[in-house]
Every structure is written in C-alpha cells, then in structure tokens.
C-alpha cells in the first residue's frame, strides 16, 4: 500500500537512578524535544510506569503526534534486552523482575525495547559516536557501577540470556573489598565511584601527607579530580591507583576480545589524564603482546546530556514496528 | 594506546554519468563540504582517477585535513562491492573491469569502498532515510536504468559475486523491446527513462488524440509528468501504463522477498501519483495474497542533492580503516 | 554446573499432505529411528496433534528417552517460522492459522520450530547436502506446488513476516492458467505437478500425433518422464515446454539473487535431463549477462526418504533448548 | 550451468607441534581417509609446505581425486583466520609471520583457510559436537597452552585483527610464575601442562607427605591424574588447586560472556572429576549471581583422534570455493 506518513522518529528514555529523561529523537540523532522528572518520586513501579507513559504521550502530542513515532527504547539499570525486563536491580526501588517493555507497550500502544546502560551506550557510540564503523569494540561505563558491553562482528554481544558484560564483577582481589553484588574483591569496588572514594580514604588514613581531600565532608570523584588539577599529590595518587587497576582489567579484557577500541564513558572517566595515563601504562604492560600498542583507548564523543537518550533511540529502532491501531 | 584524534568523517563520492559529486560527511549524515565536476571531461580513466583524487585531497585539506578522514565510499554505475571494481559498465566511457577502489586507495592512502547506485541508495535509506529500522526491504532506482537492492536480515543482499539486484533486466515480454543489455523485453526497456519515452511515442503514434506531448522535440519523462499535472490524457496514460508494468514487477518481486517496504527512488518516480497509483493498483492484484495490503510503497525521504553522497558515506564506514602512515 | 547428559538428538517431522514422517536425528544427520502414519487419518487438528505427540513420545521412549532429545522441528506446507503457525494452507484439511509450534510444545514439553517445506529443504541442503558451504543459493521445490527459499549471507531469507519465497506465484502469463492461489498465470500452474499434466493435455488435444500418453487414465508427471525415456516425442515436448518456462523463471530469479547455485528438488525434477536441459538452455539465454554460465544448476544430493526429516532436524537445532522440567 | 560433479569433501589438517594429521572429510563429518607425519621432521617451512602438499595430493588422488575436493582447512598453533598466516608462534620451529594459506593454495590450487586450535575446535564442537545448536558458548583448550574461542550470536568471535581469545594470558597473579609469553602470572602458567607440573613440584617441595609423584623422573599431568585415581592425596591436591584457579578464571570469563556452556578440551581436562569438581565449585562462587547455576560445564563429545581434523574440515567449508582450473 502507498504509505504517505513516515514514522521517522522514536522516543528514547534514560531511566536513571535519580532522573528519568525522555526525548523524541529522529533518524539522524537530532533531539526534537526532551524533558525529565525525578525517578525517585515514584517508589511504586505502577505509579512510575503510569507517570512515564503520560509524560511521553504529552511530549509526543506536542511534537508531531502518535502517528509520527515508530517505537520506544529505554535504557535502564539491569535492563535485559532479551526479556524486556529490569532484572533484580540492586539499586532501583522496584524489586525483582519488572516487565518494563510489556507494561510500557500496553500503555503506549507502541513497540518498546529495554536495554541496560552499557548496552545502550554501546549502541549510541556505534551509531553516532566514537565507535561508528567499528565491528569489534568494548564500551565501558564507569560511574556508580562498572558495566560493559562489547560488539562482536558488528552486533552487540548480549550472551545466552542477555546478561553478558559484567566485567565490573570480575574478581580483582580474592577476599578484597566488599561489593554490592555480595562478592568480594570485584573490580567495581575498586574502580567505580565508591571504589575511588575508598581508595582515597585508605590513602588518607595511611599517611600524614597534607591533601586538599582532608576534611572534605562530602568527597566525590569529581572533587578529587579537581584537586588533581590543583596538583594535590594524594589526589593524583588516588587516580593513579584507580588507573593502574583499570588498565589491568582492560588489558585482560582486550586480550580476550581483541577490540579495535575501548570506549570509556561514565563520571569517573571525567578525571581525564589523571586516570587515562596510568590506565594506558598498565594496559600496555598487561595486554597480550600481539595487540600491544594496537588497541585505541577512547572517550565518548557524545555530549553527556544526549548520550543515553541517543543510545535509547537506537535501541528503539531495533524492534519491529507495532501499533495498536492496525 | 590513548587516541585523541577521532576520525569521524568520511568522503562520499557519487560518480554519475554526467557529474561527479564528492562530499565530506560526518557520522550523522551532515555534509561538511561538497563539490562536483563533470564526469564527461575525463574520457580516460587514469585522468579521471587523478582528477578525482586531487579534488578530494583539496577538499579534505580545506576542511580538517587527512587525519580527520576515515575512509572513502564511491557510488558508481556497475560498481561491485566485492571486487571494488566497475564491472563492464555499458554507459560509462571506461570499458571493461576498472579497479576503482584499488586505484583510489593508492592515490589517497585511505581505505576505499565501491558500490553500485542501488546498493548505495539502499545503505543511505537504511541509515538516514525511509528504510531506517527495517531489516528486509527493497530499494528501487528508476532513472536512466532500473536497478534494485534489497536488505535481508538487516544486511544488503549482494549475492555470490556481488551482482544481485538486476530486476530491471528480468524479462517482461519475450521478444519485446530491445534493451541496452542485449536482451529483449527487459523491465528496464518499459519502466526506465527510455522506456517511458518509447511508451509515449507508441501512444502518440497509435491515436490522433491531441496531446501536449505532440511536437515537443526534446520530450523527457519530467515533461510528460508536467503534462499529467496539466490534465493531458495521453501523458497520464503514459504513466498509467508504466505504473501498471511497474506494479506487476514489484508485486512479483515482493512475493519472493516479502519486504517490509519498497522504496522508490530515481527521476521517473518524480511523476508521483501519476505513476504510484497505477503501480499500487497492479501491485496489490499481483502480489501473493498472504502479503496483500501489507507491503509499504514509499518514496525516498532524502533530498535529491544529498541522497547519493550520503549513501556513499555509509559505504565508506563499512570498510576497515586504513592509513598509509601507520 | 557440570552437565553430564548431552542432548545430542532432535526430532524431525515431515508433515506431508498424505504422510507424516517423524524421526530421531543426531547431530551429524544420522537417523536413529523413524516412523510414519497417514496425515489424512486426522481431519481434525486436535486429533492430529494428539496423535503426532503420542507417536513422537513413543519413539523417543524407545530410543533414549526424553532426556536425550533437545527439540523438535516440523516441516509443514504453509509453515511460518516466525509465527510457528501453519498459515492458511490451501491444501491441508485444517483451515486458518494453526499454532502448530505452540500446540506441540505444550504436549511435548520441548521447544518446537515450524517451517515451510522450501525453507526446511534449504536448511537440509545447507547442512548436509548440495548447498553445504554456500552462503547465497536458491532452493526450489517443484512437486504438487512450486516453492522456494534462498539463503542470503549464510542465512535463510524469510522476509519481514516469514512469507518470502513465493516464486511459484509470480505471474508468468497475464490471464493465463488458473492457479489454486486465486490468481491467473502463476508459474506454479505451468511447472508444478498439475501444470505439467495440463501441458500434456493441451499438447495431446492440439495434435493427432501418437503418444504413449494417450488413453492413460491416470497420467502422472512420473509416467510422462518414463515415456520420455522410451522416446515418446510428445512426452519429451511436455518436459521441454516445462523446462523452457522453468529456465525463464529461474533465469530471472538468478538475476535478482546472483546465487552460487540453484538446487532443484521435488517430484517434477525426477524427469532429469528431459527437464534440466531445456531449463538450462533457457536459463542461460535469460539470465543477466554478468552471471551467464556462472550459476550452478544442481539437484539435491540427499536421499528422498531422508531429505525432509533431515531438514526438519536442522530446524529443530535453530530454537533455544527448552524443557518443562527445569 | 548444469553441474554434475559435486564437491562434497574437504581436507582437514591438524598441524600439531609433533604430528601433522590430514584427512579427507565429508559434509557430515565422516573421515574418508586419514594419514599423518611428524611435524618435527621439517624444521624448514618450505620443506614442510612441500611435503604436506605432496601428501595431501597423494591422499586425494587415492580417494576420489582433485575434482572431489572443495577446499582445505588447517588448524595451527597461532593460526590467524583473517590473515591466513601463522603469526609468531613461540613453539613452532618456523619464526615470524608464515603465509600458510597462500603458500598452500599456490601448491594445491584449492582454497585454503587457516585458524588457531581453539577457533578450529569451537567450529568442530559447533558443527558436530557438544556445542551444536548453541549461539553463545566458550571453548577452552587446556593442554601445552591455554587457548579459548567463544561464539557470539552464532559466529566465532575472532576480534578486530583475529587475535581474540587469549584468556590463558590474562594475569592471575601479579609478578607470579613466568610465562612463555614474556609476562608473569598468566593463567597458562598455572593451568596448562607446565603449570600443573610446577604446582606438583611446589607441593612436593613444601611437604614431606609421601606421594606416588615423588621420584618419578618424567612426571606428566596424565601420570598425576592416574595417581589421583589411586588415591594419592598430594596428586589430588595438585588438581584441586588447578581446578580452583581454573574455576576462578572461567567464572570471570562467563560473567563477561554469559555463555550457554563452556566446553573443555585438551589433555589437562582428561583428569576428569579431579579437575572438574573443584573447577565447578569455584566457578559457582565467582560467577555473577544472575547466571549462577545456569552455565553448563561440558567436555567435548568428539573423539580425540578426530576432533581437530573435523574442526579443520568445518573451517575449510567457510572459504569460497576456488580452483586453478576455472
């Protein structure tokens, strides 16, 4: 049949711990409209779904209408693309297995895809960012948690049940630091947000050296990296140690995957050279010799405020179009 | 290794019979710079290659430099992606098998991919146009010639030797009109540019009915469709017959491929409803009943002046990065 | 977990119009056990499902037991892999959309896949037959009906809704012979079983030439090909005309797909050289010149009695393992 | 063209450190003929290529002839599928980059593919063994070395430059045991052949406990596992420690890949339960909780004497047919 209306826009949703951002995004990654609300206002999942659907409908009605939207993609912590569920997220208020895609589809009358943040960011960098044109690359999210997703032969590797990529819960040190996952010594507990802070605490406790970090009641990775810029030796040491561990895990990861590049994203990577240089140094020592000096270590080329909704929009395009009204 | 310079632009080249257009295009399909020159000025292939390379280098140097360009994609009549060659083009001045990709790579020190115009347009519509998000669709080019390319499971179907898609040289009528390919009765000789004109000539010769087409020395498909808009009955009949035949072939094509959509591109499709309505009518009669009323017939959503260089830029991203200097 | 029991066998089912054959098949295509029953005994679909499940369980219990079987694959007329349904088969007694895979899975407690006969044969030839190692090939079934399936980039092309491959219902002659699909002039009405017989009738009616075919009350394509072997000129002409039409459609098909080979299966192809030589002759005349002389025309290398259950076993491996008891 | 001769056999070659085995294998994994010779007799690569080609031609001529063979697949230590080369094998006598595929193709006039042993074994288990029907699985080779290959979305993951899978050279212990690769603390130096022996030496040196291992001048992993069967406590402890480390690395590996199964192959895995039970115990402790208890740990279901030539035969089918004589 002759089709005159083209559905060339999708909705990308970034379900973050604190804020939910949703945007209408076109084929080329332009945000047509965007809004957000606090995730934390909705401790009940039904209330959350209801609010999110209403807000999306509102945005869509104001920007071209239902007929112009093809589908919806959602980036969520512990989101599983194969089941469309949030699967036992440790940090979200909603427990157990949440059939997010099905609940949203019922409300919106549109196809809905769900993925975890690393998966979604890998899609985003592949479509619009640093990984464009790469068939085999690793994407790392280093923020509150430590997630990853890699592309194999041009497609995201999700694994048998959609749970692949948990490099952050590989063990760095037997009986090491306690991790939120219940295990000990996970990479996440050294390199993600709380890990960086714990390293700072340990360093401060182990020496008397003066440091701008001392006495700061609300120390953050961001503050520490600011102190690095001001030349604070202990702060620099915090990121040097973090980078050393990060380079170690990435070197091992790369020996297994042989990626064209590793794309680093997430708040911790904002520390820039303070993190990247020691990471790179250890990386090259650890990685198997046949690819030494040959793996690109990159940061994301997408802007922070669009990275996740862009990635979620790519996810939206991956599901078959569906409409209640046909 | 830490990589600071990202190659996020490519060069897309549209080698047309009359004009060669080349543009620097970024990841999201934005043209950074564009220029063109007459293809016909270079009847010698070495002179052509030399000129094209020089012009590309010039454009690149003026817009970010060699280090900012990842690779080059070229849309060419009879271009074969698997060999990188122009393969015996009937209408280009350069005869035989021309190793276009290899010759250009040697000149530019960059990876070069070559594809034919239907292949390249299919890539373009998939990345930036009407076919975005579709895994199985057919793209048709209906201009001087009648080419096609379809996507299967998310990838372009090129065939064993890269020659797939020659629907235009399927036989419509045994011992029918002579075709440039040497066969008789090919679809191309009915639906492409010359075919439309021949249908007009036949109609004019067969009746005395007055028509704006009569006495026009340089009749073109475009003029005929203008006359349709003015209510010329014979002109309308030209496109009705063309559409009837086009619907017939597309209905058969769709029964074999079961595409989500058929995207029509090329000068002939500018006739709009004069062509599309009869095409659609016959299509629905001919197509196998299980998909009747379910295949979208679409036109390209890309602008004419960017369609081919955009598609060629997508092609450029499909080859591995290569640089003389590493 | 350490897994000691390996499920290295599947059940392949060939649901034919007259006979249903089911076999336990191992990884390498060896039939471990096989049995059959008349499909026609079960005009009610529930009774059929019930009987088929019982017989499969019986065969499985006698040959290694439930724990040794991974999954089940079923070849069925009008079987749709994407939905698991028989979709409006014109010739089976069960009308409408039959959720065959779901019904069988519920009975057996095992994953079940369904495909149409051309799809299943393409899988069988790819895994164990003439198409092994080919990424792009066409398989044709020429028996009661005229089906096809082609592989693209190493995977079967099923199309957007699983309905691809209906070359037999492409139109050969506008307003030609009536076809079971409701259209007129379909290839099936010329080249499949009834088409061959109709050609014979037309030839016999059009001349007085003596022929062994005359006066045979129950003429079959097989008998006609036997008469060819005995030198019967009209019988030979029947297959010459059939081959001429078949070569025409395959030449056009090949121009679009550019396959490495075309594999011919089905009862009609038993006529051997009487069919193949005229097919080949027309094929080479019709096919686009760039692949003339380069497409292999092959017959199946699998034995008739195992072709469909083997193919169905390959289909069985394509679905995820599932067991009621875990 | 009508093709009567079908090339339904290939040659699979296992280039081992000590012995080179080559076999003619058919589509279903049946060995038609097989022979071998000592690799060590040919310290010069040209002499080796010459001898291997001659022996293959000899075997082929005696078993159906050149026209019956489609292509050749070779399993080699450090074999790289993407380049067709042996890439700087530390243990083979031929140094540097050896263009094995090109050299063999020139001699044989047939297409030749090369892969490393883990890649080839993964193909073999996928086609004929324990991994049949699995889209995402890990294969491990634990013998002299410690290699691996995993399948992603149904295809072997080879990585950007074909070097993926080097899990054996991931670091288990910083500044740990010296490894042949030049690094320290690699998994290979703990879990592969020499690692098991070193663990035995260390255990024997650290205690006075009597053991059958004491005083054996030519201790091998095989002997140690025999002693386990005889109840030798220290021997059992050797494999318990090996398994503990192996379970640790596999648990981490599985958290990243989320495989359906891990297939263990290689001489060390012959120790059976002495190795597997402690491996499994640590695996379940280490692996990320969402897949705990859900990854199958399997051993190969292929016979030792056919595993590598079968896998190499699968590799042979992956390249396009090529013949000198057409």
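Which chain is which? They are A, B, C and D, in the order written, and residues in each are numbered from 1.
The working rule: contacts are C-beta pairs under 8 Å (C-beta built on N, C-alpha and C of every residue); 3 or more make two chains touch, one makes a residue touch a chain.
Computed from a predicted model, the values in this text were never measured in an experiment.
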Relative to chain C, chain with the most remote C-alpha centre: A
Separation of chain A from chain B, taking each centre as the mean of its C-alpha atoms, in whole Å: 39
Centre distance in Å when chain A and chain D are each reduced to the mean of their C-alpha atoms: 35
Mean-CA-position distance for chain D and chain B (Å): 47
In chain B, residues with contacts to at least two other chains: 294
Category of the chain touch graph - line, ring, star, complete, other: ring
Pairwise chain contacts under the document criterion: A-B, A-D, B-C, C-D
Chain B residues within the chain C interface of the complex: 87-88, 134-137, 148, 152-153, 155, 157-167, 169-171, 174, 181-183, 248, 251-253, 255-260, 286, 288-291, 294
Parts of chain B lying in touch with chain A, wherever the complex brings them together: 1-3, 6, 8, 27-30, 70-71, 128-130, 132-133, 261, 276-277, 280, 284, 293-298, 301, 317-318, 321
